[in-house]
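You will see two complexes here that share subunit A, one where it goes with subunit B and one where it goes with subunit C.
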Partner chain A sequence: MASPKAPAGHFSILYFASASTFTNKTSEYLSAPVEARGLFSKLEELYPGINDKVLNSCAVTVNLSYIEIDGDEAPDLKIVIKEGDEVAIIPPVSSG
Partner chain B sequence: MSTTEPPTYKPDIPSEPVTQTTENIHIELTPHALDSLAATRFVRSPSAGATVLFIGTTRDTFNDLPVSSLAYTSYAPLALSTLHNIATTLLAKHALTRIAIIHKLGECPIGEESIVIAVSAPHRQAAWRAGEEALEETKKRAEIWKLERFEGGDGVWRANRDGVMGVRVGEGEGAA
Partner chain C sequence: MASGTVIRSLRQQIASCESQLHDLKRQLAEVEHQSQQQRTNRASEQGVHTRDDPLAHDFSHGIHDDFKSEVLAALAQSEETAPPQRRWPLEANEYKRYGRQLIMPEIGLQGQLRLKTASVLIVGVGGLGCPAAAYLVGAGVGKVGLVDGDTVEESNLHRQILHSTAKVNMTKVESAMIALHSLNPNVELVPHQGRLTPETALSTLQHYDIVLDCTDTPASRYLISDTCVLLGKPLVSASALRTDGQLMVLNNPPLPPGNTSGGPCYRCVFPKPPPAESVVTCGDGGILGPVVGTMGILQALEAIKVLTKQPSASSNDSAPADPPSLLIFSAYSNPMFRTIRLRTRKLKCAVCSAHATVTPEALNSGSMDYVQFCGTVDPVDALSSNERISAENYAKVRLDVNPFTGLEPSKDSHILVDVREKVQFDLCNLEGSVNVPFSAVTSLPVGGRNGTANESDPEAGWVSELRQHADKPIFVVCRRGNDSQITVKKMKELGLDNGGQRWIGDIRGGLHAWRDNVDKDFPEY
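What follows is the complex of A and B.
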């Protein structure tokens, strides 16, 4: 979980619960920089079908802060995910 | 498409408890058995006339289907911060004396404690209310996920939000 630092030119992305099941990974490195608006399409390229099955119901964090990238008017679409950032895909939670 | 969880699936969990503790707030995510007495001791105070303790244990069924085992995984740094935020808010809102929220990570045998919440306040009403709110907020927001494995082998990620079945483990296999 405390993933080691991403290699140069990359950010880390963490997958939890259904996202981890779908990708068969708990984390990986992807090349940076990437605009937040392009994140889900990048993941769809890597994991066809992930948008509909998983990402539609997920939230996203960058460096432990939630970003809002759902819909064309979302405020954080222009955020740039930079080298060394930690991104996480957060499916609906189920503690308790 | 397989309907069983990969046999290799291992929740990514810390081997030791992770905690965030201040004078009035104790937050803990732990792979060990939960200690409700320790939570009670943390919140007990001469200025508090009421202590409320909630213990959540894992059930052996979901929608009448027999559950054979359960495991919790978490984005620990974010969950700690979310739980601390919930505790801070409730402390102020209900003028609590102290609050502790402790959640299990990793395998949780059926019938054992998965969450312990203890709150103390000068008077009982605030303690009751805050205890309930702490649980509801935790279930709604804490970045913790429950994998239920049903007898017969299917594994399902639960979602608290809608009470529906959640996502069946194995649905995405072969996609990567």
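What follows is the complex of A and C.
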């Protein structure tokens, strides 16, 4: 898990549950800055198919705060993910 | 079902009930003994005055009449109040039983009384529900309802701690009731046999103060959350898979839909269900006992916090609830716990916003189809019948002449590819089989032959390996017969069948069918 700070010019991204299964990673560093609205397309480029199979139903957080970027009118599309930020992709886990 | 198993199970249930009865009789004997002793003590105290002791002499002869009547009146009074008025709000045994939590300022007498008058509904008595119920019953919640439609299976026992070996095949509700009653007979337990449905949800949940979602499907999670919003009940929702867990206290405070001061609901956090084919069960993905146990225990903790919350000094309302959060538990990560700050209610939430479309009427009428909302996965049916072989016929291939190719029996006459993940392959496999994990199959780009992969890309090792033996038919097997079909399709897309010259097909029903129909000693897991 990417607890150490991201290298210069990067943010860290954490993948939980099915996001981790899909990317085969628990975390990585991606180049910053990036606007929240562009996050999913960037991930789709890296992991073709992840949008439909994982991201669509996920919660997304920046620095441990939930952001809403689902849909064209979502309130947080303009948030800029900066160098050193920590983003998390959190799919719903339903089993128990 | 072998009747022997039923007989054994019933015998064990009877033994369990008998030991419980024995325990109750012992408790009754103790209480009777105590009250007998108290009576004896009282009688002997009174006896002091009637026997020939010095005081009796003084009373009769030497003491002033006024004082004598005063003392006698006082004694007579204690006689009248013989069954004394209840002096303490809790029973004597409750002070002892709950003493360790009673002396904590977070609980105290008021907190314990709140627990005693509270009711909790636990939906799902499995890996989450068992530990949650144990701690809530242990803590002295007045009434606990249990909802489940399943029976206890052997594969449940490593994590579902209220169920025991003797209770395999018993309903989970019944099994949990026995364990919980012996843990704390003061708690009223209410069985709700069967799964929660949209038609039964409102009438089941309305009798409780707080609900714990301990279920295992997306559909039940939306149903329970929606119902809690409609009824104004706080909800403690948790889940777990493999080494990960999630926990949220939702609809807290439980204000009416449209009131933006109310806590968010499940739909606010996860408005869209995950695609049905991506949903992994504990049976397929695996689960570590302490991981799901941790989440269940945290649910009990959050429920206790909500139920014992002290009213704020300034107003009659309860103190403001903690800001909503999502706790993520990741057992093999560092740190293991992360707390995500959640938002308030979503402005356009379908249930808890002013624009709500989910209503009690819609729920009761059955017009809300949660299963459809979350999607269903049909068993894979991707192959034609001449691309499939039954487990029995494949057994003949290994021992007999191949019905498709006419080849003599031999393990070397064909290639058997097992597409279960390596950890499962290592548990048990058929002799001579080759492991190509399904994750390696699906991660291989399909467009390889259409020019999307450039020439410098080396072909995946297993693909070139299979190309080398172009004459041998390929049989693909997996656990239950779904992944094997998808693999056969993929192999043909990759051209491994040499334009139809080589037979590639799957073993219908997978190793499950192999065990059922060919080799009953093959391990079941």
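Just so we're on the same page, the second predicted complex is superposed on the first by the 90 of 96 C-alpha atoms of A that agree within 3 Å, B and C clash if a C-alpha of one lies under 4 Å from a C-alpha of the other, contacts with A are read in each partner's own complex, and residues count from 1 in each chain.
Heads up, the rule we're going with is that a contact is a pair of C-beta atoms (placed from the backbone, for glycine too) under 8 Å apart; a residue touches a chain by one contact, two chains touch by 3 or more.
Keep in mind that what you see is a predicted model, and the values were worked out from it rather than measured.
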item: Three-chain arrangement built on subunit A, subunit B and subunit C clash or fit; value: clash
item: Which superposed partner A:Ile50 touches (first subunit B, second subunit C, both, neither); value: first
item: Which of subunit B and subunit C A:Lys25 touches, first, second, both or neither; value: first
item: Partner chain in contact with A:Glu35 - subunit B first, subunit C second, else both or neither; value: neither
item: First, second, both or neither for A:Asp70, with subunit B first and subunit C second; value: second
item: When the two complexes are fitted on chain A, the stretch of subunit C hitting subunit B, from 38-46, 56-64 or 110-118; value: 110-118
item: Subunit B and subunit C footprints on subunit A, overlapping residues; value: 1, 16-18, 24, 26, 53-54, 57, 61, 64, 88, 90-96
item: Subunit C - residues contacting subunit A, complex; value: 124, 126-128, 214-218, 221, 238-241, 244-246, 269-275, 278-282, 285, 287, 292, 295-296, 326, 328, 330, 333-335, 338-343, 346, 443
item: Touching residues (chain side subunit A, partner subunit B) in the complex; value: 1-2, 14, 16-18, 21-26, 46-50, 53-54, 57, 61, 64, 88, 90-96
item: Residue ranges of subunit A touching subunit C (in the complex, touch as defined); value: 1, 3, 16-18, 24, 26, 52-54, 56-57, 59, 61, 64-66, 68, 70, 88, 90-96
item: Residues of subunit B touching subunit A in the complex; value: 5-6, 9, 12-14, 56, 72-79, 81, 103, 114-115, 135, 138-147, 157-162, 166-167, 169-173, 175-176
